[in-house]
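Presented sequentially are two complexes of chain A, the first with chain B as partner and the second with chain C.
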Partner chain A sequence: MEIASRIDLRPPARRRLSLGWLWRARRDPISLFGGAFFAFVVFASVCAPLLTPYDATKINVMDRFQTPSLVHPFGTDDFGRDVLARVLYGGRTILLTGFAAVAGALLIGGMIGVVAGYAGGRIDTGLMRLTDIMLSFPAVLLAILIVASLGAGLVNTVIAIIFSMIPNFARLSRARTLQIMEEQYITASQSLGASGISLIARHILPNLVPQLIIQTTGMLAVAFSLSSALSFLGLGVDPSIPDWGLMVSEGQRLIFDAPHVGFFPGLAITLTILSVNFLGDGLRDRLDPAQRGAS
Partner chain B sequence: MTTRYLISRLIWLPVVLWAVASLTFVALRLVPGNPIQSVAAQMVDAESMARALEEWGLDRPITAQYAAFLGNLVRGDLGVSMTSGVPLSRLLYEKMPPTIELALVAMVISTSIGVVAGVISAVTRRRWVDAGVRTFAVLGVSIPWFWIAIVMIVIFSVNLGWTPVSGRIKAGMPYETITNFMIIDCILTGNWAALSSFLSHLTLPALAIGLTSAGFVARLTRSAMLDVLRADYVRTARSKGLRDRRVVFWHALRNAIIPVITLQGLQFGALLGGAVVTERVFAWPGVGRMLLDGILRRDYPVVQGTIIIVAFIYVLMNLLVDLLYPIIDPRLRYR
Partner chain C sequence: MAQHKKSSSGISRRQFLQGGVGAASALALMPLARAAGVSPERLIAAAQANGGTLVFAAESMGETLETGLWNGFGSIHVTDNVGEGLIRSNFVSGEPTPGLAESWTISDDSLTYTFTLRAGATFHDGTPVTAPAVVRSFTRMIDDTDPSYLPGLYMASGHGSTNFASMTALDDQTIEMVLNARDATQLHRLARPSAMPISPAALDAQGTDIGTMPVMAGPFMLERFVPGQEAVLRAFEGYYGGTPAVDTLVIRAYPDEASILAALEAGEVQFTLYAPFSAVPRLQASDNITVDVGAPFVDLFLGCNCSLELTGNIDIRMAINYAINRETLIIGALNGFGELPASILSPTDLGFDESFRAISTQNLELAASHLAASGVATPIAIELSYENNRFWPLIAQLVKADLDAVGFSVTLDPLDPGSFWGKAGDSNMQLGLNQRSTFVPDPNDKATILHSITSPGALTYHQALPTAAELDALIDAGIAELDPAARVEIYQQIQQMAIDQMMYVYLAYLTPPVFYAKTLANVPSDSASSGRVNLDSVTFA
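The block that comes next holds the complex of A and B.
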């Protein structure tokens, strides 16, 4: 009795959500800046029509190859299209593909990981062998294989990125599920007759959240760079849609005549990915103190 | 323990290779329509279409095609390009060396800069050095290769005229091929003009890849160095009165370099995948460009063969890193 009462069987207290984190974040200006800049990118692409009077796709032969000026802050391309407008609208493509791909990979990969970790045995071995095989391809190559198979386009780009990221989410959530399953409160709930589904829903999933948030932010950066790389190669979205990767690729043709055409969309890709990475660093320090200072 | 682990990895290897090959085969058969239709639009009449299908074995059931594919693969036959009729083995023999060459030189650049910067940052412990290394590392993983490469082309090739815009060697420059590795071939034949032309073409792509990965190497070296410098044996070495430089480079760096070697081993495989992007920018005649051309021309034997070979190399590199680990780090032998 004595010993049993000393064992803590309660699930760990869940952290309450409060705005205190914002106050504490002042000590980490870099990740705060990252978050703010990323919010700005999202805002600018969503509100693109309010921020520029120009149409991103309308061809205007009279205005070809304008260098950056007050009228066209980022200049115009070989079709006379305003590069700033195309950068603003192009942000939508990369954000859409990136967010959709990460959400899909999080959902599928997370599910595979939790099921593998919870079920154990042959199901675990089977599912993990499957992710091993997916990890046998370099991420870019797996994405290219899927696009080569399904064809280019927005939806297929998302599918390709999802597949190349599933193993990362599956591995992480499996490892974390195994850790959680070792906890005493899980044994306690099991002995009280809790069903598998309720264990997963009430104890495993909520405890996965911090690590998954960190992983999701990191993977968002990866998804953005994969999406832009695929469209740069001409294997991504339809060329009629404004897209940063495509714009850099068009810009490469014009390096002698108008180097600014490819410069600004590339800068936009870099700054977006950079801001997400800074944000992710800060989140890791905050949500996973054990990892602080690592890597 | 280690021997058992080694054996299990080696037994698992053929299974992984089989799965990689099969996944590639299946994925490329999902293409709607048959490959002949997409490759040769001019073959409109049914008779020549049927002949082509028979010639490529595409009229047979998918299971028979798969069996033939596996059988050929085991014998090292990856098929024949549908657009040029050249066997894949021949194409890979020509296109693999340029890719490996570029990846290796880029890795030499990133390792040398990264390790030196990491050691300096760990030893001096100056905040600004550390901040610089961290920023450089995050910047390196954030900048897309294709963009930084183009920026470098605009600055160094177009504006300053220091390096050629693209390609592997000046057009029309005579050279002999023995191994297809340009550096080796040029030295063997004593063709110094070709060698200098090749090196000037190599500079920008290698720098673009090498510099962007150097920050990451520096950060890893730094954290490994900081761990090691705290270790007892380093303190012992210092208290014996050894000179600081000898302690840092002879005692500490030897252990701190281990994770860096692992990272670079894995990085090599990733570079082969990323080659598709860099080779497109610099018109570098390697497997990456071959793969991209293959996809655009829907030359599926080329796509299939290239992806399989690159994935195989990636798998073998990962295995090699795992197997080398206990050799480099004797502490791991007894775990």
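The block that comes next holds the complex of A and C.
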């Protein structure tokens, strides 16, 4: 009892969420810009009908290839569709794909990692070799293979991206679970008869959250990038749906004659991915100070 | 960059005199050339002999040059310049002209053709083009004892092999070809790439690998072939029409239209059919590039699979036809390089009827009434498949917009070319976008895809239709009829029947731009727009 009284068996206190981070964020303007820009992208995509009077799919060939002007700030494409409207509505596609894919990969990959780390032994070995196999394929190639097998489309694009990102979440959550399992409060809980599910739900998962949030922002950028790449290759969404990757692909053909058709969606992809990366860096510095400065 | 041996700005006195003497000789020999069946343009090209390297940009390059298989247009462009048929087709006059055969006679019953080969013609390996060699090339695709035989060399049917009763070498210079049934197209069929003779020595040496390095008798000899990438051709000095003016011809596949455009503008490419149409206005104002507008040889259409329940419904097919706005499609997807279509025949074909263009006018009331008559509840889910390259994705989006507006719910299905044809072959493709090029200038070349024998390979599977036998009989009659006036009547009936059944929804006649450097002369724009590109007459200006 005396020894026990000198060892802190309490789980680490959880961080309380407050708006103080916003004040502190002024010292990290790049992350602030990242967060603000990403918030703007989300807002603009969700509120697209309020920001443009044009229908993103309405064809009017008499207005084709108009250069940027006050009437059409980003110009028009070869069907006379307003490029700004298509960029705004196209944001919905990339955001939906990215968020859905990351959520799926987080759920499946996280679960695999926690189970492997907690169970150990053959289960751990089996699950990790499986993720090793998945990791041996470059993410883009794995996604292309999956979409080529299942067929193009929004749902299949999400499935492909989920599968290509599962190993990242699985390995992270397994490594962190192994660390947590070494903690004395886990030993104490086990000695007090806590069940496996209880340990995972009450101790392991809450302590995984900061790392998973950091990983999620990083993988969000990867998901946006993969989604755009698949669309660019013609393996993404239905071509009639506004999508940034698809617009860049269509704009590639017009690069010398109507560069605005591909330029603006390309810029949107670049800035969105950059902003998510900046945001992820900021979150990492905030939630995991030990990794500050790591790239 | 092109490596022209002599630029127009750097001609020496000796070169000038050589060129002048050459041109004067060509002019003097022109009457003789006409008599021998060699076009004056080719003779002038041969006399100018100004060397240099001409790079032609193709949309793709096949993995093989086996003429018995369809390997895409890149491979066809190579074969058209490496090979030479007994006959050449003139796409302007529509007449067959002498090729390796300098003359021919046709029996009164039009079943026996006797060809006299040109004396002195040789294959690129130096062996003579003899009658037995030509016969061997024709029979090798259907003779399973030939070392070059492969099962499934189906392009042989295009040059008429299934209709050959016999093909015999009467002597070294004379070939007798006997047909089972009369065929008004037969002479033109011999101009197809699959009918271009290959050296027997090469067939023996290479066997089934002949597609990697075919040795033929055309104006250029194949120096190097990189499957899927490019072919390097060298002017053949032993060519009967004279050595081509261009020393080296490179036919190179580029990954996309933008790359082709960049290469064309940089001077790396001097000739192409595959630059984006949207670049035409700018290129027409260019000091370095000429853009000609080709003849409407190519049909663009939407094949409806008649063997499936939904697209087998004639009212559905009619509704699709009347829903589509071709004017928008021609402007939006083809940048204006198209014409309102009439039927499967092109305006350049015998028997073409202008009045059929009316069927291609958008009529939303008729579309709605056909949809109502179809008995299918709206929205009607339907899938539109297409090759995900060139203008097809644009056409697909416009067709989808039009069909969705009248009550369909179209799912777009972009596919790579292999998957597209794989799906079509499995007979589960509802709607498929495709084109029909004019390989030889005869109405049967297009009409043959209306025959039920070819329908599975042409997306429509219309052998399921009750009128298929009647249509087949008409097409067979069109082939067998030799009188042009009677053929006109037959082909008008064929067009009418095809329109009544609407297995093909016609979208446009493509009038493709032909892009080439201003440094080139004697460019065969008209035939090139058909997809048959013979570059032996081209010279550097």
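Keep in mind that, in the parts below, the second predicted complex is superposed on the first by the 293 of 295 C-alpha atoms of A that agree within 3 Å, B and C clash if a C-alpha of one lies under 4 Å from a C-alpha of the other, contacts with A are read in each partner's own complex, and residues count from 1 in each chain.
We adopt the following convention: a contact is a pair of C-beta atoms (placed from the backbone, for glycine too) under 8 Å apart; a residue touches a chain by one contact, two chains touch by 3 or more.
Since we're looking at a predicted model, the values are computed, not measured.
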item	value
Touching partner for A:F33 - first (chain B), second (chain C), both, neither	neither
Which superposed partner A:F256 touches (first chain B, second chain C, both, neither)	both
Partner chain in contact with A:V248 - chain B first, chain C second, else both or neither	first
Touched partner set for A:F79, first chain B, second chain C, both or neither	second
Contacts of A:L145 with chain B and chain C, given as first, second, both or neither	first
Partner chain(s) touched by A:G234 [first = chain B, second = chain C, both, neither]	both
Which partner, chain B or chain C, touches more chain A residues	B
Which of chain B and chain C A:A221 touches, first, second, both or neither	first
Partner chain(s) touched by A:I59 [first = chain B, second = chain C, both, neither]	second
Residues of chain A contacting chain B in one complex and chain C in the other	234, 252, 255-256
In the complex, chain C residues that touch chain A	256-258, 261-262, 265, 276, 278-279, 281-282, 328, 331-333, 335, 388, 393-394, 396-398, 400-401, 411-414
Residues of chain A that touch chain C when the two form their complex	57, 59, 61, 64-65, 78-80, 152, 234, 238-240, 250, 252-258
Chain A-touching residues of chain B, taken from the complex the two chains share	16, 19-20, 23-24, 27-28, 30-31, 138-139, 141-148, 150-151, 153-154, 158, 165, 219-220, 223, 269-270, 272-274, 276-277, 280-281, 291-292, 295-296, 303, 307, 310-311, 314-315, 318
List of chain A residues in touch with chain B within their complex	132-133, 136-141, 144-151, 221, 225, 228-229, 232-235, 245, 248-249, 251-252, 255-256, 259, 262-263, 266-267, 269-270, 273-274, 277-278, 281, 293-295
